[in-house]
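Going by the order they are written in, the chains are A, B and C; count residues from 1 in each one.
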Amino acid sequence: MHRRREKLSTVAGVVALIVLVGLLQVSLRSTSYDRLVLGLNRPMPITKVVDFDPTAITGVVIGAILGGFREVAATMLWLKVDELWDSGRGTEFATLNLMRTVTLLDPHWIEPWRITAWHLAYNLYVETEDPHERAILLDKAVACLKEGISWNPDIYDLYFELGWTYFDKIKDYEEATKWLEACTQFEHPEYIERLIAHAYERLPEIDKALDWYDYCIKRNPGDHTAIGATTTIRERYLRAWRLAQQKRYDEALKELEYYLMVDPEDLIGLHFKADLYERMGQKRKAHDIWKMAGEMRALDDYARYRASLLAAELGLPAPPQPRALMETKKELAVPVPK
Amino acid sequence: MTKIYQLEFGRKQTGVEDLNLEVEEGQIFGLVGPNGSGKTTTLKLLLGLVFPTSGTGEVLGFPIGHPAYKERIGFLPEGPYFYDHLNAVELLRFYGGLFGLGGKELDRRVQELLELVGMWDRRHIRVRNYSRGMLQRVGVAQALINDPDLIFLDEPTSGLDPLGAMQIREVITRIRDQGKTVFLCSHLLKEMEPLCDNIAILNRGRVVQSGTVDELLAGPQGMYMLRAHTVPQEVVESLRSFATEVRTWDSEIEATFADQKLAAQALEAVVEAGGTVRELSPYRRSLEEVFIDAVGGEAQ
Amino acid sequence: MKAIYRVARATFFEAWRRRFLNAILVFAVLIIGSSWSLAYLQPGAELTLLIDIGLGAIRFFGMLIAVFLGVRLIADEMEKRTVHTLLAKPVTRTQFLVGKLVGALATVWSNILLMGIAFYIVFALKAPQFRNMDPEKGPVVRMDFMYANIAKAIGLSFLEVGCIVAIAVMASTIFSWILAAIFSFFLYFVGQMADFFRVLAQNPDRVESAVQRTFFAILYAVLPHFEVFDVREAILKDQFLPWLTLGKIVATGVLYIVIATLIAWLAFKGREV
């Protein structure tokens, strides 16, 4: 009698268990849906780990084991990075790995992404003379920042870092404007717009540059940098730009030449002139000017890049190539949010 | 009832086998047997701590394991241990609470019981710091907290000093005199003999003998036993000729006789030879003898 | 009910006397208390680190206490044989199990409460200085919902740790306590990564073999999803956490506790002691 009741209660227990597990599935589903909609799911850095080196994976596994303490572990490792840095071992491979691990442990922490990319593009960059190695370093820096952006797409910081790396280090103004413009959809400091305008002038895209400068002035009528820049551009290049837009290239050239006589090494002017010839179809001429601009300034990779493009097209002997720029000109891994 | 323990790797160990016991109300029932004979297993079965492999049982009219009879029983396990952060009073209050007791009533009962087992003076010591005998004493007290109708005691006097053992024995008799039933397990035969009303002897999981103490200990009908000392050697030799058995040690002798006449004859001989008679009585075996007879050479 | 309450009470007071668990608690409170000074290690993200250390310590140490308490809960009673006297009293195995569990829950919850209060005090004292409404001075930190969210997050860690206790008790009724401890830790850590297995299961370019993907899908289905209790994102983004969602998370947690208890009950009801 009593045993029968025991058996019965076991059966009842198992049935209840099945019902409860069913209920759990419902509640889990509903909860996960809510979490997805509210954006509560934590990024799982481990999902990106597959193609990383073993040290990084170890870091992530430790991180997972630490559970809620992942971010704290990241901080501790970052201190270690600091220590290595102070002891002059900043350029060692181990330091880089450690930095990478930190970004994996706490991908929402901006600092490590920024520092790691900067470390690659600036510190390690000057450690080597080999242009190929340099290009690889810049490529890594860009990849690092893009990955950082994919974890932190809602703030301007890493868009800016990436835009700046393109602007300052790679001299790829097209990419630079793209990423810098992406910053403007979030809260951001005022200098971003000026930087965008600077990038546009170098392309050159005179009216876009002016648009951004005007925006700066409208926002802050006391913005002297912007006021000065617009004045110069309007004075020197706007007429030529308008003429070129109306395909009155000869007149535009004349307009431009006038100011180039005053300041023959002016970067914007030279770029503009070369671009004009390119648009007129005088590729050889355009090539020569880009090449000249590139030779005039050690840092004008952009001109050298444009020259090498034309050289390839025309079958001319290739000028020394700005490899970094060439190699980083790839498909974007992360689409720029609009 | 049979209980077969399952050991690792599918090996089996018999706890008790074909056990068939009946305990009457109002008596002290003793379960005796050598180590590992299944006494503790029997208690655990009756309390529902382990489950029978086959067979059934009833306690106070309820099937074993049924929650209802637990209200009315007490249990002192073998080598008891308790929540060791508590002291005696807290411990008894805790157990009393499980029976729904409380308030002044419980306080009174706790004091009464602790005084009974001689722990009232030491009531503030925590269980952690108890000696073996103190654990045993408090164990007896907790078994009585609900004033049970039936009490199971597994080796209640083990670890106790002689005085403590005597106190516990007194407690046990007192409970019986109140009309309660006591189920006692022990291998201390000397102790069990005067205490129990009924006894079952267990060996290797089986009951080998059972009955009332008088039944078990009674010798063959009509036999007498004479005990004496300082009996001259030649008289001892002459006793041997008509006694059933004569045992001697030091100056003591113990002789058994088939009937009253032979005993009287022996008594006369001893008195005449100047020996001192200590006892002449109908022959009664000791539990020890019965036990050794029953368990025999096969005892482990 | 009375029996459950009595057993729970005894369990609670006994557990509070375990030096080892007390040591964990003291250590956790120390870490939480000093989290504000540690926060300066991460310049630019002090507030984040403050929250990470605080909530992280509550969850991590809560988990440690839960596992160590949970796996020893029944094992101790068996080893010291206190269970014999207890089950000979009018206490059924069910009442015993539930009472022990309730006592353990009360213990870990009171531990969490202490850690939570410690953290909330530190947070309330230190957080206002990181509030920034002026975009000129740096990124805007409004903290509209932050205080409420921290309280909610602490509340959810009650449930998370409750689940761990229930799982540890369940495991200890099935395995030896050491194995149960390993099992519980494993489940907790892997449960934190449950989402990882979903990604692997749904990503043919990462995991090519369909068999492996099925394996990961099964792992995802059976693992307890401890990640549902994690609302750190809402805190950092300072967004409102709807009560309905919170209710669903609570329901999920309660279901986990009930299921684990039910399994423990099924394993324990026929157990010989």
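In this text, a residue touches a chain if its C-beta (ideal position, glycine included) is under 8 Å from a C-beta of that chain, and two chains touch if they have at least 3 such contacts.
Quantities reported herein were computed from a predicted structural model and do not represent experimental measurements.
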{"item": "Leading chain pair when contacts are tallied as C-beta pairs", "value": "A-C"}
{"item": "Most central chain, Cα average position", "value": "C"}
{"item": "Where chain B and chain C are represented by their mean Cα positions, the distance between them in whole Å", "value": "51"}
{"item": "For chain A paired with chain C, centre-to-centre distance based on mean C-alpha positions, whole Å", "value": "39"}
{"item": "Intercentroid distance (Cα basis), chain B paired with chain A, Å", "value": "89"}
{"item": "Multi-chain contact residues (two or more partners), chain B", "value": "none"}
{"item": "Chain C, residues touching no fewer than two other chains", "value": "270"}
{"item": "Parts of chain A lying in touch with chain C, wherever the complex brings them together", "value": "6, 9-10, 13-14, 16-17, 20-21, 23-24, 27-28, 30-32, 34-35, 38-42, 44, 46-47, 50, 64-72, 75, 78-79, 108-111, 154-155, 187"}
{"item": "Touching residues (chain side chain B, partner chain C) in the complex", "value": "44, 47-51, 67, 70-71, 73-75, 77, 79-85, 94-95, 97-100, 139, 142, 146, 152"}
{"item": "Chain B contact footprint on chain C (complex, rising order)", "value": "2-3, 6, 10, 13-14, 17, 80-82, 84-92, 270, 272-273"}
{"item": "Contacting residues of chain C [partner chain A, same complex]", "value": "38, 41-45, 48-49, 52-53, 55-60, 63, 135, 139-140, 188-189, 192-193, 195-196, 199-200, 206, 225, 227-228, 230-234, 236-237, 239, 241-242, 244-245, 248-249, 251-252, 255-256, 258-259, 262-263, 265-266, 269-270"}
